[in-house]
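One chain, subunit A, appears in both complexes that follow, with subunit B as partner in the first and subunit C in the second.
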Partner chain A sequence: MIPYSDFLFFLITAIALLPTIILGFLGKSSRKYNLFITVVMLALIFGLDMGNYTINWKATISILLFTLFQVLLIKGYHSYRKNKNHTAVFVIGVLLAILPLVLVKVLPFFNLHIFGFLGISYITFRAVQMIMETRDGMMKKDIPITELVYFLLFFPTVSSGPIDRWKRFDRDFKKVPTKEEYRELVYKGINKIFLGFLYKFILAFLLYNKILVFLPDRTYGVLDSFGGHLAYMYVYSLYLFFDFAGYSCFAIGVSYLMGIRTPKNFNLPFISRNIKEFWERWHMSLSFWFRDYVYMRFVFWMMKNRWIKNRYTVSYIGYFLLFLLMGAWHGLELHYIVYGLYQALLIICFDVFERWNKKKKFWKNNKWTHAISVFITFNFVCFGFYIFSGALF
Partner chain B sequence: MDKEKVIQIIADVCEDDVVLEERDLDLFQEGLLDSFGTINLLVAFEDELGINVPITVFNREEWNTPNNIVMQLEELA
Partner chain C sequence: MKKVTFVPLFVAVALFLVFLFFPNKWLEKMISDEQVDAAKTEMNPLVYQGKYMQSRMLQQDNMMPILGSSELVRFDPFHPYNYAKATDAPYDTYLVGRGGMQSLVHFLNIVEQKKNLKDKKVVFIVSPQWFVKEGLDEFHFSPNYSMLQSYDLAFNKEIDSEIKKRGMKRLLTFDTVKRDTVLRTMYEYELSNHKKYPIVGKIAMAVGSMTRSIQHKKDLYYSLFIGHNPRNLKADDTLVKGLTFEQQLANAEEFGKPRVNNEYSIKTSYYDKKVKPNLQELKGYKKDEEYTNSPEYADLKLVMDAFKDVGAKPMFVSIPMNGKWYDYAEFDKERRDDYYAKMNKFLRESGYAYVDMSQHENENYMFTDTLHIGWKGWVYMDHAMDDFWNHNR
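Then we have the complex of A and B:
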């Protein structure tokens, strides 16, 4: 059963969350009950094949083994890190954590479909984060297994994020909200869920079924070929936003009802004034993950070892690494890789311009330049999604 | 730990002397510091103060102003 994909899922979630909401309004802890419904919901999400209402054994066994593997790895590295801190062990830990995901991405090219299930990348992102933060000495205390598994597999966000941070998640998990705090959470949560209905089931649905399916070529003479592709580029970009922002609203809303303030994923991305700002507003939990755990680590490591003199060169290599990985994570098809390269180039060109402009003061800050910047950024972003869509090649 | 030296390092990395005067300025909101600047700052702390600040320890909520950075460094050192 795919989360938030049909009415049945919302109905089951609503029924399952009823006791959570009642406990919350009474100011009581619903922690134990939430752990219980997470197990039930996970069993439905991974174990139930909606096509013929049978049990999906392959996915069930895959997720169980995969979780066991990640938990053993995190706990193992955590107990190792108490006394020792070799870089090689850390690197092996990270490589092992991403190995299952890499196999899932690569093996289909050799016609091998051994395992693979919904959410494997997002669980991997959380697991890698645990190892990185353990390395940095952020995990002073023991990590209880129940909480760790709850964090890795928290059902509202298990399939596609947003990617929470352990420290933040753990704080919410431990704290029982007061009646007033919980009322606020429910208010915001329900608001989010209804915004999600508007985004995903009305706007994204209409954009897709009423417009996108006819583009770029079946416009019955209304648009020429170029016009058809141009319209496709813009409509696809809007569809992508409403579809994924809608999903994220559901995930955040349901998290709120369970007392977890899952971070937001989108913050009005299309009003960005430049490409850097765009990545701080679009799929934020993912881009922050790549920023913190790929780009910053790489740049810091390169600078510390002083292998390349020029710091900006290091930063630009870091951007290529970040966006190539992000592209490859979407899929190993050519258009995803080119999309990654395109984003890296945009950000580097903007960085060069920004530094030049800081000295020359060519592009001054006023409402006109602001509006033009937003317009230019929007068009570059949409062209990026046009590459991403695979319609170009 | 030399507080003035820390502030000077921050000002050098931000390339802006406003940091020397306004010590409760949110460096990220003002656009003075980004992820690249953060790395430069961490490298400078390690080179010039001998304090090793791991990347994930430096979060943008608690390390946002010159005064807060000094405070966080004092806790670490």
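Then we have the complex of A and C:
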């Protein structure tokens, strides 16, 4: 069953959450009950094959083994780190954590479809984060296994994020909201869910079914080839936003109802003034993850070892690394890789321009330049999604 | 902290419930006869995919609907609707058809109107272009698919079970149907004689029954907005009223002559815009096509059997290809004749009334573009309809 894809899922979720909400309004803890419904919902999401209503053993066993593997790895590294701190062990730990994901991405190229399930990459992101934070010495306290599994497999966000952070999650998990706090959580949660309905089931649905299906080259002669592709570029970008932002709203809304303030994923990305700002507003939990655990690590590591002296060069290599990885994570197809390169180039070009502009004061800051900046950024971003869509090659 | 209030939520739920339980009878009273009349020629897909509007039109004793596809929207003074009005024909007609509405789409509509079509005469236009090798594809099916009619099919106890199952089996080959879990399950449940998914099947029927009532409600709400935008029908009674068949044909020729600037009998505006700029590429573009081998034949058979089962009296009109244009497209005469022969046999063996227009394929002003009939083509059809109404009672 794919989360948030049909009415049935919402109906089941609503029924499952009813006791949670009642307990919340009474100011009582619903932690145990939430653990219970997470197991039930995970069984529905991963275990039920909607094709013929049988148990999907492949996915069930895959996720059980995968979770066991990650938990052992995290707990193992955590107890190792208490006394020792070898870089090699850390690197091996991270590599092991991403190994299943890499296999899932690479094996199909050899026609091997051994395992794989929805959301493997998002669980991996959370697991890698645990190991990295442990290395940094941020995990002094013990990690309870139940809570760790709950964090990795928290059902509202299990399939496609947003990617929460352990420390933040842990705080919400431990605290029972007061009646007043819970009222506000429900209020915000329901708002989010309904915003999600508007985004995903009205706007994205209409954009897709009424426009996108006819693009780029099925316009019955209304648009020529260039016009068709141009329209496709813009409509696809909007569709992508409303579909994914809608999905994220559901995930956040349901999290709120369960007392977890999952961070937001989108913050009006199309009003960004430049590409850097865009990545602080688009798929935020993913780009922050890549920023903190790929880019920053790389830059620190390079600076510490003084392999490259120029800090801009380091930063630019870091951007390439970040966006190439992000592109490859979407899939190993050529258009995803090119999409990554394109984003890296944009951000580097912007950085060069920004530094140059600081000295020359060519691009002043007023409401006109603001508007023009937003317009230019929007078009570059849309072209990026056009590459991403695979319609170009 | 923002004030937390759930009043808007309850108002929204209350409003939704009012909409949901608003009596159907009251809604029906709000739809005027003028609207129903305008809906006959509004070419509105909501009419084709709904139920109520057509059921109102079929209350008229002298109603003889025309089911076809994109040719019906080509209004001129000789169009059957204009013709019937101008000549005070004893019958009235309404139009169901747009691009991609092939046999299977009409099948759903026919069984939906089962009770209303009993003893009614119906004109069914068959286009050769439907009979491509792949038959009806997803791209043409999905915009014309009616959720209401396909849900109703699962609950239709009045039509013959074998026909119903054949229809369901065919519908299940389309992603649009397969994606709808409830619908797919209901169909598979029925097709397996309730052996497959005995429990889930029953649940799907219960959920489907609710969905169906909502669809009916939606059909009524939509109908409130149908029939407010009458089309320009381009009628000119003087060209047909009180004239003989020969005079009308001559008028159609006179009418077409100034509107055509090429040897293929294609309307000037269409020719200059769509054909002339691509004339080189279009040479021989149909040289590998043939229309004698297509799943569409089985779909047409389904329509024929459905007509028999509901007790309607159809007349099939077999439209020819635009001979001159098809010569240019290198769909040669031999293959065209193969199709005409096959279709003629197919229609003859059905035992229904039919009109074979293939002898007119090379006539000037028979077509208005590369494939749609108009002008003289309509005059031939008008008289076939007159004959059918008068003699074949």
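Going forward, the second predicted complex is superposed on the first by the 393 of 393 C-alpha atoms of A that agree within 3 Å, B and C clash if a C-alpha of one lies under 4 Å from a C-alpha of the other, contacts with A are read in each partner's own complex, and residues count from 1 in each chain.
Keep this in mind: a residue touches a chain if its C-beta (ideal position, glycine included) is under 8 Å from a C-beta of that chain, and two chains touch if they have at least 3 such contacts.
In this text the structure is predicted, and so the values were computed from the model without any measurement.
K.L.:
Overlay done on subunit A, so just call it for subunit B and subunit C: clash or fit.
P.N.:
By the criteria stated at the top, subunit C and subunit B fit after superposition, with no clash.
K.L.:
After the superposition on A, what does A:Gly221 contact: first (subunit B), second (subunit C), both or neither?
P.N.:
second
K.L.:
Touch test for A:Lys276: subunit B only (first), subunit C only (second), both, or neither?
P.N.:
In the superposed model, A:Lys276 contacts subunit B only, not subunit C.
K.L.:
If we overlay the two complexes on their shared chain A, which of subunit B and subunit C does A:Arg311 touch? Say first, second, both or neither.
P.N.:
first
K.L.:
Under the stated touch criterion, which partner chain does A:Leu48 make contact with: subunit B (first), subunit C (second), both, or neither?
P.N.:
After superposition on chain A, A:Leu48 lies in contact with neither partner.
K.L.:
For A:Met296, decide between first (touching subunit B), second (touching subunit C), both and neither.
P.N.:
In the superposition, A:Met296 touches subunit B alone.
K.L.:
Examine A:Asp6 and indicate which partner it touches, taking first as subunit B and second as subunit C; both and neither are also allowed.
P.N.:
The answer is second: A:Asp6 touches subunit C but not subunit B.
K.L.:
Between subunit B and subunit C, whom does A:Ala328 touch in the aligned arrangement: first, second, both, or neither?
P.N.:
Touch partners of A:Ala328: none, neither subunit B nor subunit C.
K.L.:
Once both structures are overlaid, what angle do subunit B and subunit C make about subunit A, taking C-alpha centres and a multiple of 10 degrees?
P.N.:
150
K.L.:
Once the two structures sit on chain A together, report how near the CA atoms of subunit B get to those of subunit C, whole Å.
P.N.:
20
K.L.:
Which parts of subunit A are touched by subunit B and by subunit C alike?
P.N.:
none
K.L.:
Touching subunit A in the complex: which residues of subunit C?
P.N.:
Residue list for subunit C touching subunit A: 1-2, 4-6, 9, 99, 139, 142-143, 181-182, 185, 197, 200, 207, 273-274.
K.L.:
Which part of subunit B faces subunit A closely enough to touch in the complex?
P.N.:
Going through subunit B, the ones touching subunit A are 34-36, 38-40, 42-43, 46, 54-57.
K.L.:
Residues of subunit A touching subunit C in their complex?
P.N.:
6, 8, 50, 52-53, 183-184, 186-187, 190, 213, 218, 220-221
K.L.:
Given the complex with subunit B, which residues does subunit A contribute to the contact?
P.N.:
These residues of subunit A touch subunit B: 132-133, 135-138, 276, 291-292, 295-297, 299-300, 303-304, 311, 315.
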